[in-house]
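Here's the structure, in structure tokens; my notes come after.
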């Protein structure tokens, strides 16, 4: 089998794999990470707000999302988003939502749960003495947060947030179950069409591996630098 | 019993932790090692049972060369007891199990014999009633006495103490020192890293003073306390005896 | 078809999910344990092998790893072995368990390494000073404590294993999510099917989390406060 490994299949498919597939994957990752961060912050703030009900609602949402397989959540949203759209816009029938929009919403809602937990842990990792010391100096609550707690918390959680983004990048491959042409979807389509499963899947694996290894190497370096500063 | 000849040790390429250290501990002798923090005294004592490797020189223990790759280190270590600054009892094992583990796994003693031996030693350090407890349920002083009993359970030919009272609250220091004094008076060969000069005065035969990885002074107890020869030892003594 | 049959289908999917995740978890624990220990050994070679292993299994999406095991591996083997693999009855099940098991083993290894490293250095020295060999030191002193410390993160890794079995629908494993999905295709009762599957996942989560909390309490050491 190694003997008739066909590099040419890969070479011919390159433009399709990267300009169609990888572009989709990277766009989805970037937008989902951004949206997840925004909603994740909101959820974390709700949980730490001190309002019982708000905290409880946010907590249930996070636990719920984290109990379900991402694949099931992808199916759920693919099925539900048209109805939610209908409800939001007041249309008479379920609206049609593109595969990209549907998966973007899915990943934002799903990642928000994970991001919020990272941020909550980051904020709680600051020792209680720190806000106490800031209060003793006469800083208000918002000043304490702004100048003392959040800068330290952000530094603690930045590497974890980035690692979670690498996980997100890998997880976007699961849109395969909706037959969407992300990077893996593109590789799979070529593989099926040309009957070249070995070449295409090995190539996809190498590409993912190189990107993720490089990214996690950078995260480790960042982590080391932060550790020295501290 | 313990021979240390021209020992050199580096951490990494640039930091020399031990510089040409030479000394010895005879059978039945009690030697106290003191010196400022970072002087290499803990490193030296950990080299004796090869917890730390050395890069130059020789260490022999009861005629066995420690830094010889052919030496059966586990067997050698099982013949030397060691007591640590932070006790290092095994937190998941009951007190009596802490005393039995190495007796059974290293010496191959039967469980009943190990328990009997362990209970005898616990009685000796005054902690027989605590045998079924876990380490975290005991005070620091009690834990350190258990640690001494654990080392003694192996019937060691010599005992190494690495700052055994430094991590203790002041009111617990004497209960540990009392056990050590008894041990010294029974003729146990002991090498003790400590700042407790009272202990040194009471039972030590010799005192070694270390600074920056070197053995600066190695003298009979009376000579050391009477008139230390080096400035550095004098300064050190005046600092710790001030209080 | 009546509702009874639907539920039967979902329950049989749940059984597949549980079987697959249990086998995967056993693989993950055993190889994760070996690799995690290797990463804490003083030997440079051992820790590099451990590092390479973890990087390999962590830096590819699970889906891609399953494709490699399922589609690529049989082609790379000698012809007869490859044929045997392809004709294996229940191939999706074995592939999923092995693929997910190795994927999770890297995560178990990382947790265990962190747990061992969090123990005071003196523990290893004390065991060594008593004459225990490296094997004995790990077996009787380091691992019992390390596993107690990492029990909470291990619980969530086990839950992740259960959730990850859903990825195996891509290689034809009909587990819980797969059953719900196929009911959608055949019966249009999407909402009911997905809701039932969701509820089943929540129940499994609850049971596992509760059981692990009991286990944590059972192995807790009197007087010992983690991180002290």
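Going in written order, the chains are labelled A, B and C, and every chain counts its residues from 1.
Operating definition for what follows: a residue touches a chain if its C-beta (ideal position, glycine included) is under 8 Å from a C-beta of that chain, and two chains touch if they have at least 3 such contacts.
These are the chains along with the protein names UniProt gives them: A = ABC transporter permease subunit; B = Amino acid ABC transporter ATP-binding protein.
Since this is a predicted model, take the numbers as computed values, not measurements.
Asker: Central chain, going by Cα centroids?
Answerer: Taking the mean of all protein C-alpha atoms as reference, the closest chain is C.
Asker: From the centre of chain C, which other chain's Cα mean sits the farthest off?
Answerer: B
Asker: How many angstrom between the C-alpha centroids of chain C and chain A?
Answerer: Using C-alpha averages as centres, the distance is 21 Å.
Asker: I'd like the Å distance between the centres of chain A and chain B, where a centre is the mean of that chain's Cα atoms.
Answerer: So the centre of chain A lies 54 Å away from the centre of chain B.
Asker: Taking each chain's centre as the mean position of its Cα atoms, how many Å separate chain B from chain C?
Answerer: The separation of the two C-alpha centroids amounts to 44 Å.
Asker: Going by the contact rule already set, what residues in chain B reach two or more other chains?
Answerer: Correct list: empty.
Asker: Give me the residues of chain C that touch two or more other chains.
Answerer: Expected reply: no residues.
Asker: Spell out the residues on chain C that touch chain B in their complex, using ranges where they run on.
Answerer: 120, 122-123, 125-133, 136, 140-141, 144-145, 148, 221-225, 228
Asker: With touch defined as at the start, can you tell me which chain A residues reach chain C in the complex?
Answerer: That would be residues 1-2, 64, 67-72, 75-76, 79, 170-171, 173-174, 176-177, 184, 188, 197-198, 201-202, 204-205, 208-209, 212-213, 216 of chain A.
Asker: What residues on chain B touch chain C, complex-wise?
Answerer: 46, 49, 51, 74-82, 84-86, 88-92, 101-102, 105-107, 133-137, 150-151, 154, 160
Asker: So in the complex, which bits of chain C are touching chain A?
Answerer: Contact set of chain C toward chain A: 55-56, 58-65, 67-68, 71-72, 75-76, 159, 163-167, 169-170, 177, 180-181, 184, 190-191, 194, 197-198, 201-202, 205.
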